[in-house]
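Have a look at these structures, which come just after this line.
Look at the two complexes coming up: subunit A is in both, with subunit B in one and subunit C in the other.
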Partner chain A sequence: MTLDPKNLGPEDRTALIRLVLTLADSKRLMGIRYSDWLLGAPSVETGIATSSMAQDEWGHARLLYAMLKELDVDPEPIEHDRQASEYASVAALDEEAPDWAALVAMMALADAAIATVLGSFAEGAFETARSRVPKMLAEERFHASLAAAWFRRLAASEGEARPLLERAVERMLPGLLAWAGADDESARRLVDAGVIASADERLTVFRDGVRDLLAEIDVDVDAVEPDADWDVERGRTGGQPAEEAVARARGDLNRALFVE
Partner chain B sequence: MTVLPLPVVPGLDAGLHPALASHKSGGRDLWSPPLPEAPDDPVAATWDALGEVLDPEIPISLPELGLIYGVEHVRGRVHVRLTFTATACPCMEFIREDVTDRLERESWIRAVEIEEVWSPPWTAERITPEGRAKLRALGVSA
Partner chain C sequence: MKETIYEVFARNNRGDPLAHIGYVDAFDDETAKIHALTTYDEQSWFEMCVVPRAAIIPVDDGEGLFAQLRRASVAREAAR
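For the complex of A and B:
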């Protein structure tokens, strides 16, 4: 089944726009969070990997924002003019990772949650997602591999790294479960239209993907409840990304350099 | 304020593999002159022209790198289906411009349309045997 955006009713169209925005904004913020650690990673090699992942995330964001054109939405003001309160990015990325362990948690969990929803989008009825998203997922495989290696390394450490990792996971996991398993009216419309899999299926895929990793720090992902603080308008849990990060996402400092 | 000239480094390319010597963007210094008349097979001629456009980062052509997914020619209008090695390839604009400039040299091409495609996703498997041989000669595994 292929969905023609021209045949979408206004509510389904709004739901699809919200999904694209939550994914695109999350990718953009994920890139910023990787970029925060380009020069602070524990090794030169990891810093280079972080730089590459930031680049990937912004490439994915570019392709996702461009999907809005097919829904008659101009991506230009969406990318460069919105306020932080309008961003639909996943809450786990709102603030800079305060330590390397927190970045590893973002890498292992937030990036995985985004990949889970993208994976569902890639197999749905929206042809543009079916053709563009598989390349993103192919690039994400490397992120997941690096994330798992670092997660296991920190989980096995005997110093302060493991407690930092545990605290980061505790902070972000409920919100990520709520985001990956979004089940409000907007999400259900997309499920009914065949654009994404059901909330249960998405949650199962996400939980399956992170279960073994989380077990390394004695967290049972099946016992963690999704955050109940849900913002229906933006398709995310409460709060908003840091103003400084959004200024970077918008390109405020580069505004004079914008060219057609 | 005095502006000093940039230093000139004589023999910058000395000792490099010939394929690594400096090329103009897209291999422009290697491009053939335009065909004197319209070819019998414009699609094949378009592929030949694209075969002269080098990737900006490694000196093999776009078809050898497997980035050209298709070429159509309808009454002087050429449609090129182009992908990139990565979603955040920093050379996208260079590549688009090089493709357009090379094809627009030909008098039998009135317009160039480039369609950015991502399916199937590019992988190193798409590099042609010729491209692989050139990369190996440069010490690049593929």
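For the complex of A and C:
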């Protein structure tokens, strides 16, 4: 079944716009969070890998924002004019990772949650997603490999790294479960239209993907409840990304140099 | 955290010689592959391999790069 955006009713169109926005904003913020650590990573090689991941995320964000054109939404003001309170990015990325362990948790969990929803989007009825998202997911594979390697290394460490990792996971996991398993009216409309898989299916994919890693720090992902603080309009949990990060996402410092 | 040095080899096209292009530090084979891929991404290689430096055995004791590295490594171990 292929979905033609021209035949969408207004509610379904709004729901699809919300999905694309939360994915695009999450990708952009994920890139910013990687970029925060380009020079602070534990080794030069890890910093270079982090830089590469930041570039991947920003490229994916650009492709996702461009999908809005098919829904008669101009991506230009979306990318460059919104306030932080309008961003639909997943809450785990709101603040800069305070330490490397927190960035590893973002890499292992937030990037995995985004990949889960993207994977579902790629297998759905929206043709543009079916054609463009698989390449993004292919590029994501090394992010997951690097995340898993670092997560296991920090989990096995005897110093302060493991407690830092545990605290970061505790902070972000409930919100990520809520986001990956979004099940409000807007999400259900997209499930009914065949655009994404059901909330249960998405949650199962996400939990299956991170279960073994989380077990390394004695966290049972099946016992963690999703955050109940849900913002229906943006399709994310409460709060907003830091103003400084959004200024970078919008390109505030470079406005005079924007090229159409 | 203890890391291992991996030598990086690559060839441009099918049939080209596999050339030594540099090295990366990594804590396991998987991260070595990622570090090599992202550090030496200036071109789209036909093939890229990583080898732990310690696994390379120079066949003579001359002035070649890996012979020198092996001698330096042995000297460091002896000094410990």
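By our rule, the second predicted complex is superposed on the first by the 260 of 260 C-alpha atoms of A that agree within 3 Å, B and C clash if a C-alpha of one lies under 4 Å from a C-alpha of the other, contacts with A are read in each partner's own complex, and residues count from 1 in each chain.
Assume contacts are C-beta pairs under 8 Å (C-beta built on N, C-alpha and C of every residue); 3 or more make two chains touch, one makes a residue touch a chain.
All figures in this text were calculated on a predicted structure; none of them were measured in a lab.
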Quick one: is A:Leu68 in contact with subunit B, with subunit C, with both, or with neither? Answer first, second, both or neither. neither
Check whether A:Ala147 is in contact with subunit B, with subunit C, with both or with neither, and answer first, second, both or neither. neither
After lining up the shared chain so the two structures overlap, which partner does A:Asp56 touch, if you call subunit B first and subunit C second: first, second, both or neither? first
Let me test your reading of the model: by the given contact rule, A:Arg130 touches which partner, first (subunit B), second (subunit C), both or neither? first
Should A:Thr46 be classified as contacting the first partner (subunit B), the second (subunit C), both, or neither? second
One more residue to check, A:Ala138. First (subunit B), second (subunit C), both or neither? first
Which subunit A residues lie in the overlap of the subunit B contact set and the subunit C contact set? none
Give the list of subunit A residues in touch with subunit C in this complex. 42-46, 48-49, 51-52, 142, 145-146, 148-150, 153, 157
Residue ranges of subunit C in contact with subunit A within the complex: 1, 3, 24-28, 30-31, 33-35, 37-39, 41
So in the complex, which bits of subunit A are touching subunit B? 55-60, 62-63, 130-132, 134-136, 138-139
Taking the touch rule as given, give the residues of subunit B at its contact with subunit A in the complex, in rising order. 86-90, 117-123
